[in-house]
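First chain A sits with chain B, and in the next complex the same chain sits with chain C.
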Partner chain A sequence: MADLTTVSEGEARLVSARDLLRVSNLRVRFQTPHGDVDAVRGISFAVGREETVGILGESGSGKSVSVGAVMGLLDSPPAKIKGEIRYGGLDLVQAPIRETRRIHGDRIAMINQDAVTSLNPGLTVGYQVAELFRVHRPGTSRGDARRKAAELLDRVKIPSARDRLNSYPHEFSGGMSQRVMIAMAIALEPEILIADEPTTALDVTVQAQIMQLLAELREQTGMALILITHDLGVVAESVEKVLVMYAGQIVERGPTAEIIDRPAHPYTAGLLASVPRTEHKDRKLEAIKGAPPVMSAIPPGCAFHPRCGWCRAACRKDAPELTAIEKFRDSACHFATEVYRG
Partner chain B sequence: MTSNMVVQFIARRTVASIILLVVVMSAVFVADRNIGDPARMVLGDTGTEEDLLELRLRMGLEDPWLVQYGRFLAGMATFNFGETFRYGISKPFAHGGLPESRETLPIALDRLPATFVLTSVTIALSVLIALPLGIWAAVRPRTLGDRLVNVLSLAGVSIVEYWFALILILLFAVRLDWLPTSGYGTAAHVILPALALSLRPIGRITQIVRSAMLDEIAKPYVTAARGRGIPLSRIAAIHALKNASIPIVTTIGDETINVITGVIIIETVFGWPGIGALTVDALKIRDVPLIEATIFLLVLMVLCINLIVDLLYAVLNPRVKLG
Partner chain C sequence: MAKAASESAAVGEPLFKVENLVKHFEVRDGSLLGGGSKVIRAVDDVSFTLHRGETLGIVGESGCGKSTLARVLLRLVEPTSGKAHLEGENIFDLNKHEMRLRRRRLQIIFQDPFASLNPRMTVAEIVREPWAIFPGEVPRREWHDRVVELLKRVGLNADDAHRHPHQFSGGQRQRIGIARSLALNPEIVICDEPVSALDVSIQAQVINLLEEIQDEFGLSYIFIAHDLSIVRHISDRVAVMYLGKFIELGNWRDIYESPTHPYTQALLSAAPSIDAAERRQRIILEGEVPSPLSPPTGCRFRTRCHRAEDRCASEEPELSLRGGRQLCACHFAAPMPA
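And then the complex of A and B:
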């Protein structure tokens, strides 16, 4: 990967041409009877071909809403989306639904947190998988769609896949349901797979199997992965790049290993200190004090300041911008360098 | 669901239905014997005391109640509700001569096709209108169109059938002369009674379709399907409707039963030669065997509809086990 700060303009264009998905200054506001809620407050990021990006954050940090916007799942009203989500010359925010519909599920696919409720209880699994071909590849015969569905179930390692086509979702376990969701997500060989907390609802042993399966499929297909999680362990194992979100903004981003090694934002540092790690066995675990802000009442200045040990007067007044502190390392903190140096 | 399970289920339900049928018909039996002397109704003012006694003996009214009840149950088992001495009898009962009579069940059965036609047309019309209307409203909640459907369906439920029937006759038959006021035989004859009967089911089914669809559309599997790029129309018509179908089918079943009871009035208003009009005629002349035969058939129809609805549950919801 080239260093964006030093490349010429021509090279920069080449770099951006490799970006599959480019989110620019995305803002999502929900208009509710109790007032407006700013769930996403101006985030920008890009995902390149075959890249793996993690979005890390607590619940309510805006990570799921961000990908909801990418997937066109936010209804307006109540959601108001601003900014740009570029995919292949199309702005997914502005484009009409009949155009975005061709992208969703086909070029950009998603798997959800709760596979069991994400499957239609009234339709057979085979129908739901085969439907993708019949919707996105019109002209696929019923028989072909079914055959492909069986192959897919086989690929996600569902035993006796062909027989399971006629099963209903309630006959599947949580882990098996998630495998079905993955089968549907990879059915049309998407360029980007978005996984929104794909293992949160599953047993620990099953979690590892699902992450393993995702890694294998990614290796085979070369699809880019956007992994949303609040689990640092999952991030460490599965993605190259990480975006840390807090209160609807990106507070830090960079290569996963480097961030875990040397965080440059007090929030990331706090997250890391709250997770047990084998290399620091004797270290005490620390929780981040306080709770994430209610999104309808975000603190002025830096949103993290009420919970931050580094907090000074400036933090209460001015919101820090996301700025580079090193090659590929950005942090939105007035004391980013100090935090980074430790 | 194996066919064996279906057969077992139908067998169990048939037994339960027979018990219910006996209970309902027993209530009818008790009521029948308390609406006045049927023999006196046959004779009118003309008969002597001897005539009356002869007819009462012939009708079995002189037997103890328990014997009458036993005969009634046995009759039901053999589909024989006795004979009428009045309905469709031209020659009045005369002293000394053998009273002329007809079996009642064939009379009632003759009327079944007309009622079947009217009920089927009404329900088909209702479903064809209510289903798309309810879905259409559900995919655009709180819009003008949705509110309009809501108000109209409420009006449909609230309007009194026979009043609406008379308005229809006044408008389309008398004023505009487009359709016949009453009768049976052509497609034109069925339009007005079916319209009068369908207003309520259209309203009710639309409301249930709308609310059941709204519930389903809010579920995560709908969001997930949207994320897969499935068009909203397809999600509504296939994904959500399949899961919303249980309350919808229940309501269609309920409304079919309501229509069957509704025909009693509407058939009379439109001179439709169905079992409803016959029931009214039989009640008017207190023709006990005929009342029993018509009500027996009406109850049987209701039980059949309930059975069909229960079977449909199992077809529509893979999680329903017949039992």
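And then the complex of A and C:
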């Protein structure tokens, strides 16, 4: 592993005052028996205080691996992580585990899709929530930890929270389990909450409850939110900024409303066009042709070129860089301006 | 082969008439020692008519009984009671042999293209398997050509016939499943969440394919899904299901644009949309769907309903015309306030 990372004042200043988290040129490669696979291929983004950022992508786009790297969840090996993940003067890629342990699950917390299996089935919900305080805040008494656990379950609107402390996870529905996960994630008052497909396993009426709860909690605490999803509607309604990922790279980013209104990458435009709308009821849906590439066989040049209507010779050869086309708007397409102008 | 089906049929005549269909599952109580048994009312008195060439969408959340309904209609599980008339003949009265003969007219496309195709069979073997089960349907010497024809129709290549399912992506596997379902020239295809396991960019391809073959082969669809915008796109009529019952049934536009059941209204309002204009005043339902082991008395939705009154606990509302153009099962059916 790397040397002990001591952060100089100069380095600390590179992280701007507003940016809580800055990811620079992050690359994640997995070594597999069938050869190396590049899951994340050089992505950079920053998350500011109180910001809400969405990462939109389909399966295999690298969105979950990216946040897995941020959370220190990738085992290395097989994962090889390159680049920087700056948080509070610390590079989470290089820092030793005793440093990152104070960040992961504490300053940056995460909930994921599968709340039901994320809980330990053999321990009561109250014990699992209270355990957080005993591990991360040594010195918290049993009674205090339990009282705080009850408060948290109440905050995430679990009915009769105090009584439910003694319940086991199997006594909770999917939606209630996700509430417990949220309670655990906010327990230590993190500055950033990463939500990886938090409602994908839930029904739409329960999804609405959970998204409303997250919005309320964010308002109360001011924590920043990184929301990973494949659902355009969820992105449209929940985050100010969005990064669109395809084949391990960011292909477009900017303010959510602007991107939905006027996409600047053919992939984003294709996704938006394929959504069924009332006024297009009698028309064929505008599907994107082909399928997303598998990570072990990413096309040369622009990874999207085999599926793209704008594809020209350059696209098969040269990978386009993510470049600005407008203030706050970036697109990685040789024809970004043309796509943007429609 | 598609011609016969599409020419013979006038679109719109009643084809499949389902009456008072009930499917209860008995489950044993937790205790091993002489515990009593309880009944899950998965499908509880569902009636509808499917017309030739139409698509009936069925929406509802997990546990509402929509997939059980699909399986009962194919007699993959036997109903507790009720009838399903396919051109005047109640399929639940048929013996095993007779049902097998009818089943080629009723096909299903499953949600999970990874689990529903036999991994040891080639694509050709999968697609032509129904012809081995129904000898006389297609002469053996034509099998090869017909397989290629079907594969091409669903957007695959002739070469794909010799490959195995694991060599295909999710969207392609769903195409294989569609080719197989077409092999016997069915009249009714039940699509059970056919695109929900697929990536967003692939869903539209499969929906387009389903719409194309519907016209060409003269198919009627029962289209079960939880994605409200996809159901709106493909359906002529839509049924909304809650705890084993249809609670609203009507023309897609009436259901989507002027729903009268409070559950339909909440469901539609909860779906996030990319269209700012489509976003409605969100109705956040309290709590979650009650257990089908012990559904509420009277109206099953009353425990989460903002309109509920005493009457709702004692008197179960019938699915009937209540002021709107659609059928609604609510004592206080009313359009949403503007």
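The criterion applied here is as follows: the second predicted complex is superposed on the first by the 319 of 342 C-alpha atoms of A that agree within 3 Å, B and C clash if a C-alpha of one lies under 4 Å from a C-alpha of the other, contacts with A are read in each partner's own complex, and residues count from 1 in each chain.
Following the convention adopted for this analysis, contacts are C-beta pairs under 8 Å (C-beta built on N, C-alpha and C of every residue); 3 or more make two chains touch, one makes a residue touch a chain.
Because the structure is a prediction, the values reported are computed rather than measured.
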Q) Do chain B and chain C fit side by side on chain A after the overlay, or clash? A) fit
Q: Return first, second, both or neither, reflecting whether A:His230 touches chain B, chain C, both chains, or no partner chain.
A: second
**Q.** chain A residues touched - chain C or chain B, whichever exceeds
**A.** C
(Q) Once chain A of both complexes is superposed, is A:Asp106 in touch with chain B (first), chain C (second), both, or neither? (A) first
**Q.** Touched partner set for A:Lys289, first chain B, second chain C, both or neither
**A.** second
Q: Go through the superposed model and pick first if A:Ala208 touches only chain B, second if only chain C, both, or neither.
A: second
(Q) Looking at A:Ser59 after the superposition, I want to know if it touches chain B, chain C, both of them or none. Which is it: first, second, both, neither? (A) second
**Q.** Least C-alpha distance (whole Å) that remains between chain C and chain B when both complexes are overlaid
**A.** 5
(Q) If we count contacts the way the header does, which residues on chain B are in touch with chain A in the complex? (A) 219-221, 223-232, 234, 238-239, 242-243, 245, 316-319
Q: Over in the complex, which chain A residues touch chain B? Could you list them?
A: 71-73, 97, 101-106, 109-110, 112, 114, 117-124, 131-132, 135-136, 168, 170, 181, 184
Q. Across the complex, what residues on chain C touch chain A?
A. 61-62, 169-172, 199-205, 207-208, 211, 226, 228-230, 232-233, 252, 256-257, 266-267, 269-275, 278-279, 282, 284-285, 288-289
Q) Which residues of chain A touch chain C in their complex? A) 58-59, 173, 175-176, 203-209, 211-212, 230-234, 236-238, 260, 270-272, 274-278, 280-281, 284-289, 291-292, 307
